[in-house]
Amino acid sequence: MLSREDNELLTRTGPDAPMGQLLRRYWIPALISDELPRPDCTPVKVKLLGEELLAFRNTNGDVGLVDEFCPHRKVSLYFGRNEECGIRCVYHGWKFDVSGQCVDMPSEPPESSFKEKVKIKSYPCRERGGVVWTYMGPPELMPELPELEWALVPDSHRYTSRRIQECNYFQAIEGGLDSSHISFLHRNAGGQGFMGTKAFDKSQAPSYLTQDTAPKFEIEKVDYGMMVGAKRNADPGNLYWRITQFVMPFYTMIPPFEHSPRGAHAWVPMDDEHVYTWNINWNPLRALTDEERDILKQGRGIHMELIPGTLRTVQNKDNDYLIDREAQASGKSFTGIKGIGAQDSAVQETQGAIADRSVERLGTSDAAIIAARRIMLNAVKNLQQGIAPPAIDAKSHNVRSASLILPEGVAFQIGAKEKLVTQPGDFIDVESTEQSDVV
Amino acid sequence: MLSREDNELLTRTGPDAPMGQLLRRYWIPALISDELPRPDCTPVKVKLLGEELLAFRNTNGDVGLVDEFCPHRKVSLYFGRNEECGIRCVYHGWKFDVSGQCVDMPSEPPESSFKEKVKIKSYPCRERGGVVWTYMGPPELMPELPELEWALVPDSHRYTSRRIQECNYFQAIEGGLDSSHISFLHRNAGGQGFMGTKAFDKSQAPSYLTQDTAPKFEIEKVDYGMMVGAKRNADPGNLYWRITQFVMPFYTMIPPFEHSPRGAHAWVPMDDEHVYTWNINWNPLRALTDEERDILKQGRGIHMELIPGTLRTVQNKDNDYLIDREAQASGKSFTGIKGIGAQDSAVQETQGAIADRSVERLGTSDAAIIAARRIMLNAVKNLQQGIAPPAIDAKSHNVRSASLILPEGVAFQIGAKEKLVTQPGDFIDVESTEQSDVV
Amino acid sequence: MLSREDNELLTRTGPDAPMGQLLRRYWIPALISDELPRPDCTPVKVKLLGEELLAFRNTNGDVGLVDEFCPHRKVSLYFGRNEECGIRCVYHGWKFDVSGQCVDMPSEPPESSFKEKVKIKSYPCRERGGVVWTYMGPPELMPELPELEWALVPDSHRYTSRRIQECNYFQAIEGGLDSSHISFLHRNAGGQGFMGTKAFDKSQAPSYLTQDTAPKFEIEKVDYGMMVGAKRNADPGNLYWRITQFVMPFYTMIPPFEHSPRGAHAWVPMDDEHVYTWNINWNPLRALTDEERDILKQGRGIHMELIPGTLRTVQNKDNDYLIDREAQASGKSFTGIKGIGAQDSAVQETQGAIADRSVERLGTSDAAIIAARRIMLNAVKNLQQGIAPPAIDAKSHNVRSASLILPEGVAFQIGAKEKLVTQPGDFIDVESTEQSDVV
């Protein structure tokens, strides 16, 4: 439970909100590089932290992220012409480069110096790992790009999607950190398996997850956020651990199921009532096969099928996520809702546009989300006191989730030590591994 | 005309509103029993007096009506699993019985006593007359179930439907009490007849209704609400009476047209801008024939065709109730709108989500609605003074509407005396009567 | 740039707003006469300056414009029966004539005098030029109908359409006065030409418009509003002038392109976030040919295709005006949006429901819109001081736009003098002219 004040503090991300100011200290995934596939291609509207922006790739291939509206008469630049290193408003031909500078103002006399004085809001962009990243904070405080493993592997090793979810970003983060719910919500996930592979169903993990539905949590706060170790009974004398990270400010790492590709999320606030849910699968050791990639493109695993031309999902709140009540009743599916992503959306979105945390009843299994809230609230309150945010160091993001069996009495920090950091060279030496058994 | 204050008092039904508190002292029709056709079937969302609730039928066949949202993290239980005497949240498996008690909390350690402390809002339910009734008021003040005739006849004798109408409940009640409008709005009701039968068109009533369009009203306030006698000129020396009751807090009785089945409505506030319109036809003396039942199922008479899977009507505000302007212009239909129900919706909904009674121009023909408002406002103001509500006694609901011809000078209370109460045994002795001539 | 206060003053048009009071001093185009094609035909909802009204043509052919809602119980008269010189509410049969007087009240006793006391809001209507005009101001201050040229030519010479645009009326007016934007927004207007003819593409004008994209403006304030002369470089020693008028309170005149029919707009506030965009083409000298009329009916030139049964355009904000990004990228179309009307809607609507003029960056090319705002604000502030509005005199509207080439140094007021007023007899002597070359 949070007070209403803390709930507001946690969930409001606009330019004037304290949390908005905290989030603006980090690089933010703005869009997938492939959404701007060519120089001078169609621009893309992007709303970040409540700000309406426009992304475009210029003639040189550079990406600009600028105010969606022309400063002259406030017309949307979305209808603009993307030409010769600038986006040109179609109303009076004013043109802006990726820095936001007005570089052509043909409606004014040639001798006019007005255009030099006109510059629109623009945020610096960089591309890494198939993502256009942007930084919306004070320029003098801009950190290095975060070294998340999935952003560092070759493009061939990774598949990324994003979608709009109709709720505040933080209840989505909470879902990503909540190991407890996978014993229920994703139990028997409709034959789809986790990560789009059959590995989940074939591995031993599910039986541990089903047999011990009350994992105990061990939380370790770390520089970049926290590690959550969720332990369940395995064979006598052994514990099955699922270890996930919350990496500030909005990344979560999914513990793997044996040979399946790795998975992670980024939960990027669009505005306070919508979140861009980023879904990434990657194999650090080898390229994804065409078959794996095809399956993920279909919206399997943590991905979802989108309504063409939009980031809205085919299964959504308005159609009850296409729940199949017969499959639910027969037990063929625990929820009757097909797919991990839709299952998560169903619970996260029905919590309300902004979940009211002043009326919850939390249990011991909520230890991770309680800790995550505290970390975010501490960081935002600290920033209000002038204390710099955590996890600004690019290296701090280079962590891995893990799942493994350890003897009772062995701390996960010790027993899983090597698994919890990226092994140097892992994703450079494309070492052959057993290929995951794709559904 | 009402002051704005009284209009608010009359129309606001939430938990904190005085009218909300009055309405919570009565049993309320929540849903049709057949909407929960089997033990452990799909639950149904029900919004009553502004409260979002979930109805489910458990393994024993008992109906629970509980808070729609799991207390743990406020996820909708609508997606829950209805299994082994409880509804189980799919997020973390918490399970609640029909009393709202948490009976399973598998995400917490087995030794935890947390679940005993967790109980959600639940309202007692009873089934009678094919209806699930609920009581949302103080438990110690719960009355007996109301003995409305339609709820006491065998199921074979009755057909019930409900639909959502996009307006406040009280303007719908006013429509139900307004004898005057049937001379206009329902004149030549598109060949459908009243109650789905041809009786209306064949009886003498229509000519009285058409020839005398300015009925005079006699109102008698009674324990349970009021009786409205609307008299029109019939043959010389005789008056055609249509006598209807307003039974507190939201029932109206439709005076019959000769051999047609009887009809009644309940107008149950969903929230302040939507009402569940309940429509009931029954024959106290015999079972409805298959033919009658088939016709009513098609949405004839006071019933309406619904968009499948919803309680929204096919004819609705967004499509102008599918008005046929040619039929209207030719006089084939007075309104051009097909069906009694759609005609009523058209006028009641265009009054606005909540009719503004401070700007009306009422005439003598509005005597019944003026009286009904006064009765409701008196009851709510009395309750604020601690005076118990009227019509709490179950027996008080056991009344009948009537239509008949009486000599001038005979008071309807005398002349129709025997017709205005249920005759004991009527609906037990299935006495044969002339079968209504179904369209 | 305007202060927020002046922006409010400029854009709010309801009954209590100062601008609403100014606009109510003029005759207003309410609907096209053909929208009420026959006596006793289906009525039409019209919302003007925020007031919900109903237009109907009675048995005598007269048009009434009355409150949409019956005063009795506030039901929409839109569903009413239009019969025998009045619109009859279908709820209780109350009937109103075009003056708003209740002329039948059959739900009350025949001896009642109630109906004489009941009169609803009604605005006087007159028909001229294929338009139903209404006057919503104080009766004693009603002026003569404005003598706009397009309203005075024979019906055969004119084609009129109207549509709903999703923005405040004044940003649409600004678009109509903004000569600068046609060098961009309408450049290479997708092969459609201006006014639905090929004239634009064939005339010399486009090359002037394309070669000199920074017109200089000369504004002359006049009794009826203002004249805007926009001059561009033509051949050496010559200037290409486009001269348009802003005729109070919401008319703009499009300078012609050679032999094309003339064009004009009226921008009539529906409410503060929607405007009825009226589009008129006419030839003062001869009837439009069937071919011209057919093309305009298809939604070419300044007209647009409507969704059948509505005034909403097929190309609209929700579908990005059906922008063709390939046509835009290839330069086949400057915007990729087909049609002058849709191009204008795209820029005017994306300025927001009510453009925020406190955050603009205006240049010298915005001289006309700056002047128009000042004229409107002066008029409204003067009216608040009791000073009568300008352009009330019917004769003051009888002006013409022009486009022509003048030697440098010749003032447009002198050089174009004869072209800027209607020539007496022009549209009476149907003198043969070269027929415009229709696309």
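By written order: A, B and C. Residues from 1 in each chain.
Please note the rule applied: contacts are C-beta pairs under 8 Å (C-beta built on N, C-alpha and C of every residue); 3 or more make two chains touch, one makes a residue touch a chain.
From a predicted model like this one, the values you see are computed outputs, not experimental measurements.
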Chains in contact with chain B and also with chain C, listed by label, are A
For the copies chain A and chain B, the interface residues, called same if over half of the numbers are used by both and different if under half, are different
For copies chain A and chain C, the superposing rotation on Cα atoms, rounded to the nearest 5 degrees, equals 120
Cα centre of chain A to Cα centre of chain B, whole Å, reads 49
In the complex, chain C touches chain B at residues 40-42, 69, 71-76, 78-79, 81-82, 89-93, 105-110, 112, 114, 118
Within the complex, chain A is touched by chain C residues 180-181, 183-185, 213-214, 216, 320-321, 323, 325, 328-329, 334-337, 343, 346-347, 350-352, 355-356, 359-366
